[in-house]
Amino acid sequence: MTDVDVLSEAFELGFTYTRSTGPVMGRFLTALRDKRIEGIRASDGRVIVPPMEYDPETAAALDEFVEVGQEGEVMSWCWVSEPRRAHPLQQPFAWAMIKLDGADVAMIHCIAATDEAALHTGARVKVRWADEPRGHISDIACFELAGVAP
Amino acid sequence: MSEDNNAQAREPVTGMDAPIYLQYQFTAGRAPSRFLHALKQGRLTGQRCPGCSQVYIPPRGSCPACGIATDEEVTLSNKATVQSFTIVYIPIPGNPIKPPYIVANLVPDGANISFIHLLSDCVNEEVHIGQRVEAVWKPAQEWDYKMDNILYYRPLEEPDVPVELIGRLPVEGWEGQA
Amino acid sequence: MAQLAAVIGTGQTRYKTRRGDVSIAGLLREAAVNALEDAGLGFEDIDAVVIGKAPDMFEGIVMPECYLADALGANGKPMLRVHTAGSVGGSTALVAASHVQSGTFRRVLTVTFEKQSESNAMWALSTPQPFAVHLNAGAGGYFAPIIREYMRRSGAPYDVGIKVAVKDRLHGARNPLAHLQKPDITLQEVEESMMLWDPIRLLEACPSSDGACAMVIAAEDAVDSSPRPPAWIRGGAMRSEPTMYAGREEVNPRAGRDCAADVYAQAGIRDPRRELDCAEIYVPFSWYEPMWLENLGFAEEGQGWRLTMEGATSMDEGGDIPWNPSGGVLSSNPIGASGMIRFAEAARQVRGDAGAHQVEGARLAMGHAYGGGAQFFAMWIVGADKP
Amino acid sequence: MSAQREIAIVAFHQSPCQASAGAANEVELIMPELRAVFDQVGLANAQDVDFVCSGSCDYLQGAAFAFVAGVDALGAVPPIRESHVEMDAAWALYEAVLKIRMGHADSALIYGFAKSSPGELPIVLSQQLDPYYLAPLWVDTVSLAALQARLMLDAGLITEGDMAEVVKRSRRNAMTNPLAQLAGETSVADLLAKPHYLSPLRRHDCCPVSDGAAAMIIATVEQAKAWGMPYVRLSGIDHRIESHNLCLRDLTDSVSTRKAAAAAGMNAGAVDVAELYAPFSHQEIILSRALGLGEDTRVNPSGGVLAGNLMMASGLSRIGEVFQRIVAGEAGRGVAHATNGPCLQQNLVAVLEAA
């Protein structure tokens, strides 16, 4: 086949979806807006943050909320030296699994830190709240080092 | 923030916006690229299937019926026949055209399949299946790699094409003789 | 060869413009739990989960089955995601059935859904792509010219579609789950409703709904443990053809005819109008009832509209072959689920479970779905009697 | 349950893994692969098989209904029995296997295709995550894999040297694979000298983004014999999913892979060759361990997906690679693996045996 010049053009596939949260996510996001963090108790007694609607083992609907702390421990992390445009932080930062005090299961969020060397597994971090919480996961703007040696 | 606003904010959260905007670098296929290059030169083209000899527009690189690659390029006529149509009373998002307008399935002479385009310069109530129409192009200096180089089709003073011949006219067209 | 399989539970949500009270998982979950309760089972009894929905872009979640695994009790189990455009609800049911009919699993949960209120399904997909060649005037803009051609060649009077629109809404008024509840709808109201894509008026088109539909399909040896009668799968078929090809019959697509012939042969049906007790057929625009009556062999070509006008497909007129007793797609349309609703409603009829829209004594029923440019078809026949 | 019909794989072909397929659209991507497998068996088109099933994902190229366009490559007139999964085509194979087992088909064509190059793949795939908690943060899939790698490193289950070893072997194996995108001789020391990309991952720990397609034809053993084709028995296939909550899963292991392998009958005999869909170096180690593969098994002799990753077709390609090794007489029994979802959430295992 005779080839022609490739025709190529930038294209944005975009839409603002309007999600309804249901009671479990709704309650979690409502608490976030009040700068509180709530988890949920799973069938085996573990506290999961953010709360899952359904138990991962038994599939039962979950409804026992438990408030947890705003500090926690880094269980794993990676260093994003070149943030992508979509990322919540545009300076180099870390994604991390963070187990909040009072929770049994970690959550994934970002950590603002000066550099990679400042972080380590087991580090203590605390929530930095968004200036104007609105009931969204990004009400937790990020985590930052708690400044307490582990 | 005022006290009132704070009070309003106490309504429980039940929803959230999820803006999902993804960037792509879209590339037309090889066959569509050739089609668009011809359009930029003011030509409407199709591709003929080496198996069944049918001519496809817009060409996608295969004969969908035979499942074989198409390569032979065929220049089609500016004249076409209305295979069917609808009068649309609601706007197309992002399209400036005002309702009511006619969207028609049109078969250009020399092709064996219809494509969808606007029909205008006509009395909506008089549009009918088998009607003869011709392409109205933008001024040549505005031609781009786009289908809307053809602004719309408009009726022609030619005899109607019998339904059984729609999609079977040669590129030379139709003078009313079967 | 194929093992016997039966529907032992169906579950649906209430269909609404917006189910603002639940998450996406919550929506599916409601249908799934209803189906399991109907079957007298729990998630722990399920061997595999098959889910289906229309394009991911409707909700803006890429391959959402990964996120849905927990809500559907799928952890540790096989989970498959089907997508065959508008026919997906039907295809998903058939793929779920194949999990059992192949002898691979005993009990399979299948769920389909759409939460159209998260976007605006019609327009979320119409972001103009670069180099697009066809004008995109929505689904109605695509199907209206085909309907016009049907009207031309059949010589059907202009009000056949109006009659279907009223009939299906009256059926829907018997079904508490139906989205549109219009017990007082009149021919005049439909005729005076806004023309959208001539000849399709607003009330001749389906609504846009949130909703989910689920079924539990079981092997022969797992049927007896369920508390309610099974709907035995007597035949299932799928057919696809390209969207456009030279000489394609768009009004009476061959894929639909072939698919029907296949499923009738499996079920031993020669005369569907006489042998079936009712049918749930995918009719998103009213004129597709007469068109599909012909395509599916309920009427001779060109004669489908006469059945409609005679009331043959209407429960309220005592028709001999009620179509869409549930109110059909014209009354509720959560796109990805719409096909499965047809399949599940057929099962409900032969299980005697259809409440106020029960066709009395129904023993054999058909479920039907189509999608794309009326090019993808999925059908099944279910019966009260074990084959 | 009655005895199941035996399934034979009779043909496979895939396109080269290219960083960009350029101008090719879906049809143009698929058609050469279909032609190749039809020619291998001597078939004209999809009319000559009883069932067709494909796998693809609209979001990779940003256009809804990609698979509908794909039908134009099939020759589906008269209409055919056809279906589609919004998953890797390995799951399309699974659907086809069920169709054959139930007796509704004696043969099937399976294909998968994608152009991942038009979008920002790790960000596109971030939208596969929980739509309330994770997708809105745009946590990309490479970062999630990096979290997983760190868990393994911290637990002492692997070293960065082990990861480099996987990459070194992939690049070397890929030198004999003309379809690979990344190949070459390198050393662990050279690899470890490279800077971190998304610490603890280096760029070479991550698979490249590739465009392409793959196709396969399967049949009953009787049909394969009637065609006179050399074939490989697909003796088992199974797949399992795990919780979507990454922090609940033991990410250093792959429970679902092990379950699928057991259900597919992997443990009934020795495994000469394994092709694992491991988009990140440490995941190959997780999978090898979950499957209990030892010294006697050649792992990813093609180079695996670290050498080229045809999203939505790579799983099918793994099965095709093992098929080709067995047909060529290089192996008697092999295992192929496919994955979907973040950090190996969902896994499929197929067991292939010489006829």
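Think of it as A, B, C and D in the order they're written, each chain with its own count starting at 1.
FYI, a contact is a pair of C-beta atoms (placed from the backbone, for glycine too) under 8 Å apart; a residue touches a chain by one contact, two chains touch by 3 or more.
Since we're looking at a predicted model, the values are computed, not measured.
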Intersection of contact partners for subunit B and subunit C: A, D
Contact-graph distance - origin subunit A, target subunit B: 1
Chain pair bearing the highest count of C-beta contacts: C-D
Length of the line joining the C-alpha centres of subunit A and subunit D, rounded to whole Å: 30
Distance from the mean Cα position of subunit D to that of subunit C, given in whole angstrom: 33
Subunit A and subunit C, separation of their C-alpha mean positions in angstrom: 39
Centre-of-Cα separation between subunit D and subunit B, whole angstrom: 38
Residues of subunit A engaged with two or more neighbouring chains: 3-4, 6-7, 9, 11-15, 17-21, 25, 29, 52, 56, 136
Set of subunit D residues in contact with two or more other chains: 22-23, 59, 62-63, 71-72, 74, 76-77, 118, 120, 123-124, 127, 131-132, 135-136, 243, 245
Residues of subunit C whose C-beta touches two or more other chains: 20-21, 23-24, 57, 59-60, 70, 75, 118, 127, 129-131, 242-243, 245, 248
Touching residues on subunit C, where the partner in the complex is subunit D: 1-3, 23-24, 55-57, 59-70, 74-85, 91, 95, 98-99, 101-104, 125, 129, 237-243, 245, 248, 253-255, 258-259, 372, 375-376
Of subunit B, residues touching subunit D in the complex: 16, 18, 20, 22-33, 60-69
Contacting residues of subunit B [partner subunit C, same complex]: 14-15, 18, 20, 26, 28, 32, 35-36, 52, 54-56, 58, 63-65, 83-90, 92-95, 100, 103-105, 112-118, 129, 145-147, 163, 167
Contact footprint of subunit A on subunit C as seen in their complex: 18-26, 29, 43-44, 57, 59-60, 70-73, 75, 117-119, 124, 127, 129-131
Footprint of subunit B on subunit A - complex, ascending: 1-21, 26-27, 29-30, 33, 135-136
